[in-house]
Amino acid sequence: MSVPTTSPLPPSAGIIETEGLGRAFGELWAVRGLTLNVRRGEVFGLVGPDGAGKSTIIRMLTGILPPTEGAATVAGFPIEGGEEQLKTRISYMSQRFGLYADLTVEENLSFYGDLYEVPRRERGPLEERLLGFSNLTPFRKRLASNLSGGMKQKLGLACALIHKPEILFLDEPTNGVDPASRRDFWRILYAMLKEGVTVFVSTAYLDEAERCSRVGLMHGGRMIQCDTPQRLKQGIPGRLVELEAGQPRAALEILSGRFDSGHVSLFGGKLHLYADSEEEVAQALAALGEAGIEVLGAKSIPPTLEDVFIQQVTHTPQEAVS
Amino acid sequence: MNRPALSWIRLAALVRKEFIHISRDPRSLAMAFLMPMILLILFGYAISMDIKTLDLAVYDQDKSAASRQYVEGYQASGYFRVAGSIEDYASARAQLDRGQVHLALVIPSHFARDLEQGRSPKVQVIADGTDANTATIALGYAEAVTNRFSTVRQHATIELAVDNRVRVWYNPDLKSRWFIIPGLIAVIMSVITALLTSLTVSREWESGTMEQLIATPVQPIELFLGKMAPYFVIGVADVLFSVAMGVWVFGVPLRGSFLFLLGVSSMFLVGGLSLGILISTVAKSQLVASQLAMILTFLPAFLLSGFLYSIDNMPRFLQVATHVVQSRYFVDVLKAIFLKASPPRFLAEDLAFLGLFAVVVFVAALRKFKKKLT
Amino acid sequence: MNRENAVEVKDLTRTFGSFVAVDRLTLEVGRGTVFGFLGPNGAGKSTTIRMLCGLLLPTSGEGRVAGLDVMTESEAIKRSIGYMSQKFSLYDDLTVEENIDFYAGLYSVPKDRRQERKAWVLEMAGLADKRRTLTRTLAGGWKQRLALGCAVQHEPPILFLDEPTSGVDPLSRRRFWDLIAQMARRGTTVFVTTHYMEEAEYCDELALIYRGKMIARGTPHEVKVLLPDDILEIRVERPFEALERLEASGLVREVALFGGALHAVVGEAGTGAPALARFLEEQGFVVEAIQPVPPSLEDVFVSLIELEDRRNPAGAEE
């Protein structure tokens, strides 16, 4: 079989296109029925808990895990048959970064540069830029094992960018990384976006998902929603109410008995209640009144992506999940 | 599918990276040399087929001049030491039971008289058969002493018709160390080579770097050659080190061509290192890899390579099985180079098999390795 | 010692060689409080929690946990607390029930209470129908609740949780915090470390630790007020270009992209918003909306850390 080495991608087509993509491990479907179209220059976020199938999707799209059913093209190459060509155009940063702990910052960077056959004379300035971006210049001679978690992750990103990929696949890149390093990390990503790189990122942090241009919510191997964060938030039925109560914990207990799991929670000393209708809010207020709990205030607040996610998950019929 | 040609840039990067790993981990480098050293010393001294001195209990019922002369023959042979005289069978049995002596010699009371009358007196030699190997050799020696005694006695009366002399070539003193050490080098090297490469690949599966590598354009052949090259250098150094120990520590003569030895070792190393790579395509953790490498190399090398146990004496099916044991050929060739100085053309079959093994295993590893997760 | 305080430490310090992991930490945690201990990796969170649990001896300073001295009564402390580490410390090859039984034995839960406590753990963790399941096969959320159950079987008055929710899905995380809230309501003191900033909102009180030192302290609301700056959300066409121009303008302390919008950190929203709008329009952008947004704890956290770095640059990145 002969696959052209230049990208056959027409400009209008999605840079990642999947059709009914699925992968089973034994009896268990890790991902099923994924149909997706990611456009060039997007930051696409795959959001969901552990075990929702995020890593499996990324591994299939990077050509290292054959799908059980369905098909996909990445940068114009099919993931089955064209995987070696697509690997030259993408970058993949796995959850464990894939750094060599006993190599220095510089050695890791030039190793990955060589793997992608980046010409030496182009590489110098790029290396300098990537190290500068990630604030790693002073540590270029340091062993990767002696870097902090955040620095390791930035180095992983620098290694992934050394060959100027068209698409960057990041599997939970900021897992276990502190907020300050996460900010630096996103700063580097924005710089790449300016140059037209497409970013496909998975995360379990819903606040991070807000930074994406489009988000796919994953649950039990299915993509249950896919849209911009704004539209996802606007799209959920019902409303989110913030209640200020005299005894917030007692109030939580009372309301927990009346609402679904995840619909009531204590947040920053206030209760967040996700109600389907006005009547439900009224019922909740009445219940608190009966229990002698003073309600100091109640107001509607915009939902977060986490609220959207929990609302979606608890309303997804079970058969669709298993 | 058409693949781009092998990239020298990538290969060089992989080799360089592997050398850095080795240089930053002096402990594993030390292991690569300590292991053959320790094994050579342990096995070189522990496995010896030579029997130095055998302890002998003597139950001399005759107590004549002739019987004493006969016993002196044992002492004089240098193989035996008379541990003591005993006066009954019970003591003989007791001393053999306790392992105080290897043999008991019983001389009948009419020993001298029978000799005088030209009859052959029957001497009894009782050996401890629990160590059959030693017992057989001891009985052989005892027979030799007896024959010698007989000839000397006969010599006084008649001329011997035949002068029976045995000459052993290549190893005139039948020093077992001379044939054990070259074989041992082969055994040790087959374990080390498979272990080195299988560990270095499985380590990458464990640390997650392999997942990263298979998502790059790297090709399996580049990956494998990159892994093998540094360990090939270490392997050659290991062979030289072991040969040097054999020659200077154990006094084994190296009679053949040194260059030939180096050449054969290289062929062997390629096969051994490829086997390690093949193991790592199945075993994705260091623990499993090292266990598999030990089972697949050490046992066959020890038992089926002809290093200790002659292949000719094995049952037919085992003899056939030894053909897939790579160390068998290396044992053969090393012994021949060390002791016989055989030229390559005499060893063509061994060399052909070594080469075949290397190619088949390397190709198998390439085919087995997929740039995929499972 | 104040009887109402479950944890009280003064000038608690721990050094490893020349490295000061925890530097003169002073704090009190009242009974029944959910206390959040926040900080980046390596800030000293785990070291502190280990000292308080009696697993690590402080270098200097003093501390009392449940009224017991951390210097001299570490074994007694271990009996009166529950501790759940980041790794959940469950045996993967034991069933759910076997893990519970094992920890019941470890904490010497009285024989006559065991059945009842086990039933409670299974119920709390939602594992009643999974009691004979191998722990290995449980998803993250179940494991986490099982670990929590195991750690509180002996009903300790104080519970220490070291990053209890890493790698757990949002729904499970909410359930987990609901459980914590219930325990606190029954009088259990919960001392928890996390680096999920949004989770800090579940706590009654927070302490922010950075490079071994406490740099902020208070309720989530009080801590948010500490942010000296305001945050503006700007909706604009061509956000990438706008971001570049704003970065170069010197008008903002920081600017970042959130989905399609920009978040800009300015000194004061009242004057900042019109100034930025004017600047962007001069540069030829059409500003669709510009409005202040409440800072998240993460915003506060990052700016406090940056402030500390400016104040004390010597310790940066080490």
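For reference, chains read A, B and C in written order, and residue numbers begin at 1 within each chain.
Going forward, contacts are C-beta pairs under 8 Å (C-beta built on N, C-alpha and C of every residue); 3 or more make two chains touch, one makes a residue touch a chain.
Because the structure is predicted, anything quoted here is derived from the model rather than measured.
Relative to the centroid of all protein Cα atoms, the closest per-chain Cα centroid is that of A.
When you average the Cα atoms of each chain and compare centres, the chain farthest from subunit C turns out to be B.
Centre to centre, using the average C-alpha position, subunit A and subunit B are separated by 59 Å. Centre-to-centre separation between subunit A and subunit C, using Cα means, comes to 21 Å. One finds 62 Å separating the Cα centroids of subunit B and subunit C. Those residues of subunit C lying in contact with subunit A across their complex are 39-43, 139-141, 166-172, 174-175, 177-178, 181-182, 184-185, 195-198, 201-202, 204, 219-221, 240, 243-244, 256-260, 296, 298, 301-302, 305-306, 317.
The part of subunit A that touches subunit C in the complex is made up of residues 48-52, 135, 138-139, 148-151, 175-181, 183, 186-187, 190, 193-194, 204-207, 210-213, 228-230, 249-250, 252-253, 256, 261-262, 265-269, 304, 306, 309-310, 313-314.
Of all the residues in subunit B, the ones that touch subunit A in their complex are 1-3, 7, 9-10, 12-13, 16-17, 20-21, 24-25, 207-209, 211-218, 371-373. Subunit A contributes residues 1-3, 59, 62-66, 81, 83-84, 87-88, 90, 92-103, 107, 110-112, 114-117, 143 to its touches with subunit B in the complex.
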